[in-house]
Structure formats: C-alpha cells, structure tokens
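Only one structure is covered here, and it is reproduced in the block below.
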C-alpha cells in the first residue's frame, strides 16, 4: 500500500535533493538501543539514501534544557549545530529530540550570535518516519508473520512534531500486522526525562496505567518511535513481569521488511 | 494563607496516589469533561481560529491593561458601581469587611469565585465573626465538609454521590441519608433559598469586565450567581485585574471559548451582565454594587514578556482536565488555590519559588495543556522558564525566590554532562563504561527512583557510535 | 479611602511601567459568522434550547395566550407572576378576564422587592417578554425593566418567556452590533438558555438547583 498522496504532499520542499542525509543517533539510542539505530540507518540505506553519521555527535541537549540548565543545554546544542554543518537533511529517530532541535533550538539561541545558525539547522530536521513517509514516500513490503501490535505515541512526536500520522502510515503498509490502538493513545507515559526521577511517584502511576492499557490490547509487541518512552514502558513491563516486547519503530519496520 | 505554610508536595502526592476512590472519581470526571469539550468543538479548523482570536483579544487587553482598567473604573463609576483597588489579598479582604460592617451584615452569600478563594475570604470573615455561605452546589458541599475546591470549575468533583450523601446527612440538621442526586440537589435548594432571601450582601467573581461599557459579565448554570448578585441589597464583585477586556465585541468569541473549554457547553444556562446598581424606578437588584480589583502579584507578571502570558488565562480549567498529572493526584495535592497546569505556573509566581517552585517539577512537559488552552498560553514553556528561574544561572530571575534551588552538586552533574556531550572522547568513554558496568550499576540516586517500578536501562555493550563505525557508515 | 487610592496609583504605575504597551499583537480574524434565514434561525434556537430541557412552543402570534392558558391549566400553577405594565401585561390580563376556571391567580410585581420578597419566593411561575433570541448558541435575551424586574425570571419555579420570532439574531455578535449595545448597557442584561441546572455531583444533570426548574419558551410567529 503506497503512502497516501496527501501525506507525500506534506513533504517540506527541501532544497537538498542529493539523497545524502545526516543521521542523528540520539543519546538514548546510542547507549541503550543501538540495534534500533542501526535498523534505522539500514532502512534508509536500502531506500537509496547515503547516510552520514558524524562521530562527534552526542545529545540534543533536551535533558538540561528541561531541567533548568539552559547554559549547559546551549553548549551541547551548539556542538550538534557545528557537527551537522553540511546542508543535508538531519534525520532524527525520536519525536522528542527532533522537537527539541526543530522547535526549541531557535528559542534557545534567540538573541545569541548563533541565532541564525540554529534556525537554519532547525529547518533541516526531520523525524525519521516523517522522512520515510514524506520525502522518500516509501512502499514497504511486509515479510513477517501475522502479528498484533499496539502503538505508543510520544508526546513530542504528537504535539511538537505532529508526525504520528507518518509513523502510523508506515505501520499500516504492513499487510500482516494488525494495529490495535490504545484506549488513551495520546496520554503521556510518564517518562518526561528528569521528571521520572524528580517526581518518581507520579511518573510511576502514569507508566503503570500505560502498561495496563497496553495489556488490554492483547498485542504481543509495543511499537514506539521514541527511545525515552520505550525505555520507560519496557522497563515497567519487565519489572511487572508483562511479556510484551517493546520495539522502536525503525527496528520493527526493518525486521518486518528484511527479516 | 495559613493553610499552606506547611506545604509538602511529596506527602500530598503519596496520599493522593494511594486513594483509589479519589483517582477513580477524578478519572471518570475528567473523561467526561474531555469528551464534552471535544463534542462541542467538532470542527478543529474553527476551534484553532477561535483560539487564535481569543489569544489576540486577551493580548490586546494586556497591551493596554492600565488604560483599560482606568476606563473600566471610569465607566463603572459613571454607572454607579463603586470601584476599589487592592494590592494584595489582605487589602481585598479588608475592603469586603468594611462593606459588611457598613451594612451591619452578619452573613454573605457567595457565588463561585476563585479570586475569593485566592483571598481566603471565608476564613478571614470567619475570624471576624461573619459567616460566608457558599451557594454553588459544589462549593456548598465542600464547605460543609471544611474542604477547599479541588478543581476550579467543578470544585467537588473529587467527591462521589455517596460521599456527598454522608456529608449532607451529617452536616445539615434533619437531613435523611439519600444518595439520590435529585434529592441532594433539592436539599441544597431548600437550605440556600432561605439564605438568599435573608442575605444583605452577596458576593461574586467576574468572568469578564468590559471596559467600554463598565459591565461585569458572569457565567453560570445554577442561578446562584444571579441570586447573589440580585437578591441582596449589596453586591460585591471581586476580580483579578487581568479580567478586563476592551469591548463588548470581544465577548462572543471569549464566551464561546470559555464555556466550550470549561464544561463543553455551547453556552451556559445564564450569562449575567451587570452594569449598574438598581436605578430609582427599578424594583429589584442591589442598591449598591462594589467592584474590588485585585493585583496580588499580577502587575509583576505583566512586566515580563514571557510570564505575562499567565495573565491571558480565562480560568476555564480545561488544562486540568487534560493533564495526566492532575488526573492522578487531584487538586488538593497542589496545596494551593489554583491546581493543575495553570496552578503550576500561577502559584510559584504568586507565592514565590521557595514556597511553590516544586510545582514546576510536577510536569512531564507532555504538552497536553498547551494543546487545549483556549487562549494559547504556552504552559509548558512557562513551566520550563520557572525551572530556569529556580536555578537562576545568570542572575536574571524575576520571580521571587529565584535561584532557590541553586546547589553545587546538581550544577556539577550538569557541567559534567555538558563536558561529556561536548567531547566525543569523553562521550564514548562514558557510554562504554556504562555498557561494561551495565547491570552492576549501583541503584542509588536517580537510578534507585527509576528502578522502583522499572528494570534498569540496558546499556548496550557496543554503542551506536561504535556500531556505525564498525559497519562502515559514512562519517562525513 | 486614601490607602485604597494609593493602592490604585501604585498598581497602575506598575502596569504602566511593565512595557506591555510596546508589544505588537497580530490581527486574528474571527471564524465566519452564522447566517441563516428566518425559519432556520427559529429552528436552530428551538432545537438548541430544547436540547437543554427548555420546553419550546412555536405558536401563531394570535394564539399565544390560548397556549399560555392551556399550559397554566395543564401544569396546575396556583400563582403566576407578571408585570401589568409590561408589553404583554394587558394582554395577559385580558386573557384572564373571563373563564378563569383552573387558571392561576395573576400576581403583579408592583412594589420594590423588599416589600414583596416573601411572596416572590412562593411563586409557581413568572412570565416575561424577552428582547431577542440568538440562534447560534440558542439563548433568549432579557433586559429586565421596571415593569418586568430581574427576579421574575429567576425566583419562581417556572419561567415562561415570550419571544417574537422576528427578533431572533444569528449570533450574539450580530445582535450586539445591530442593537448598538456598546452605546449603553442596561442595569442587567441576561442570556438564558434553559432552566437552572447543575452537574456538580458526579456529573449527574439535575434541573432546578437554585433558579427555575422549568423554562417554557413561547415563540410567537
């Protein structure tokens, strides 16, 4: 099933058509979900994209930015702006990090000498599934066995990047996959970066409800587009002895199409 | 103010989360409110346009705030409404007390007013031997039980009907126990109609004060607001100074946003517009109308271009209804008059960061509040700003208590984080170390909190950096 | 008073010094206004108000009093509050002049409320004319007058409102503009969409909490 035309039409008219793109691995993916990162890269390469992974990249700066340490956030963000210097699109396998780089960098650098650089950088940022669905207009062929999954929308993918429609459009291309939606799909899982440790009791109540919601779907796999949510929800499911696998969208799609 | 000097948020949260009944009541109630709002705004394009208009109207009012307040005062005065100004809640309480004394009034009937809650007026009057009678059904219920509102629109929403039945039975003489909501409502009607008929002074809040005509606009469904503002000889209206709007033509869009966002209604049962006391030929209505304009920190908020946006708020409460934190802990846990997302930005600015800054940590920054706010207050951005002010790195904090959280340990942690994320070598070393130590990582500090309900994050043995390099991904 | 005067000046001085005056506010156009023909406006107003428990009767201008008598008998009111000097006052008196069998006693709101309060709180019904209607949100609009005071539409158990179909506007904005409300507001202006109601206990909708338990709307066409 091809990506619906109205979705492709939403593609930002990026000036760079060289088919070379940067990949920003995110700090959590780097440390905890490198398999998902490699899957995201491989899928892009299989679609003909020349992927560049600058080794000096690190973190988007959001943890400090959301915790009251703007100065440190800015220093780390500036590092990324310098590292991703060429005019390629920057593909980010996380709605949250993408939201930070796309929507908050301009504010973070407003009134500083790097203001223009930050703005130009932010214009090149794509969330991974957004890039696949809009710029590449992929047609995925499902090679996996029948499977029932559920999907978790990360808050920033949903509200800052508005890319959930792309992620789901990709999943819906998989003919053997049944997507059972959560009852409260748009409700936060309780991760929120340092929120999870600054307000552990509230965060715990939120992730418990999320896990209950996931269980009620009867799905055997939870797919999400953000490593933060995934780490939170999977960790809670494992702690509670719930045998549902949590998977990043990129890893899931790679397995379904190349497995 | 006395009731929250010993504010312990963590304690409140623990208590609230352990109360299954509370959480059930809240979840049911918030689901209903969220559904009703969605149903009343079926056309998202229309809603987004209306929200932008609401934002522009309120911003236009804030831009001319002092001029509009002067105009409101002049027009009210011309119409015969007596206008008073109060710097803080203490002054506002004194003004109300003076009026009570002048009319030798032993009691005051009150329509729902969040500003009167902010003033802790009931408590203040009680100390002066004056009885304040809450007449909104929800407020009446919780007043009987000596509680404060847990929601700014539906104040008794944390109570189910069994609990209300018990309160009525215990606190209203000669009241049989009944869980029938119609009967419970009839009991309140019977009790309160007597109070309306007898009261010399009635109090109300103000939803919008229209500068152009000197008009006070109130919305409600029950009719108690109309009772309080029409039956007694004296009507006292209290308002925060941000309630003033420029002109009547600003009313329709704001009204639509307010009632739609608050309760999912196209319009409330009553919209009550008051522009003067009883004129000589008129047969009813109060002979005196007073308007108390309260600052209590609001003028300070106006001075900061970002915090100023707090004053756009029209007190619809929809941010509470959509908040994943509020729905789990309820309004009382916030320990102050204004709960939920709006409370997280309003309370620290009013009470100072030392007393209420912790509220700014109680957000996952999920953005649900900002997404629904009818006047587009960027609540998550303001929460983030309050977090900045809490550490006040560059000495530019404007909120009282700025920098109260500044401490060496946290500063060093983030400095270390910065260095690691700026230096590719340190970054890779760190990830590698974490990968090696892996499961043996000591469960202290943040990790201890994390692992209460989750397994430890599984740091991979080879990072994505390493994998990409080994698998020959281009590096430039 | 002087200390309050000072509070005023201090507050205003801070507001003036806030710098808010220098901001620019972008224009944000309002969503398009409703525009319906006469019958559609009647229909919409009636539907919306009926949906929140208003009892709506659309009657010929010539027969509204007959309908009123019928309702009064049917509902068994004992006393009906009315304004003798109001536009509909003498018509009601005429309709009550003969054959009062089963009809409520007409009670005139003549004195100031202070002399009348006890009686007022005992009324079964009160009838008022209304100034206009608004189709968009489904409300009737009252500007209470000395002849039809404010409490007539609030205190009696039933409020009967008499609306002329030709006075229904599309929207609140249209009404305010056409009637030039900004030129002068009355002591009290009211929008009423239904009987008094509450949902404060578990969102169970109950009518008649403090104000009228019923709102009867007669639309004269």
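By written order: A, B and C. Residues from 1 in each chain.
Operating definition for what follows: contacts are C-beta pairs under 8 Å (C-beta built on N, C-alpha and C of every residue); 3 or more make two chains touch, one makes a residue touch a chain.
This is a predicted model, so every value here is computed, not measured.
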Touch-based graph of the chains, sorted into line, ring, star, complete or other: line
Taking each chain's C-alpha mean as its centre, the one farthest from subunit A: C
Rounded Å distance, subunit B centre to subunit C centre (Cα mean): 30
For subunit A paired with subunit C, centre-to-centre distance based on mean C-alpha positions, whole Å: 54
Per-residue multi-chain contacts in subunit C, two or more chains: none
Residue ranges of subunit C in contact with subunit B within the complex: 3-5, 7-8, 10-12, 14-21, 23, 25-31, 48, 52, 109-113, 116-118, 121, 137-139, 145-146, 149-151, 154-155, 171-173, 176-177, 181-182, 184-204, 206, 208-212
Residues of subunit B touching subunit A in the complex: 10, 13-14, 17, 324-325, 328-329, 361-368, 370-371, 381, 384, 387-391, 393-394, 405, 414-415, 417-418, 420-422, 424, 427, 431, 434-435, 445-446, 449-460, 462-469, 471, 473-476
Touch list for subunit A against partner subunit B, complex: 23, 25, 27, 29-35, 37-38, 41, 50-56, 58-59, 61, 63-72, 75-76, 79, 86, 107, 155-156, 158-160, 186-188, 190-209, 231-232, 235-236, 238-240
In the complex with subunit C, residue positions of subunit B that touch it: 25, 28-29, 32, 46, 49-50, 52-53, 55-57, 59-60, 62-66, 69-70, 73, 79, 84-87, 91, 95, 135-138, 141, 154-157, 159-161, 164, 181-182, 184-185, 188-189, 192-193, 196-197, 212-215, 221-224, 226-227, 230-231, 241, 247-249, 251-253, 255-256, 263, 266-279, 281-285, 293, 295, 299-300, 302-303, 305, 308
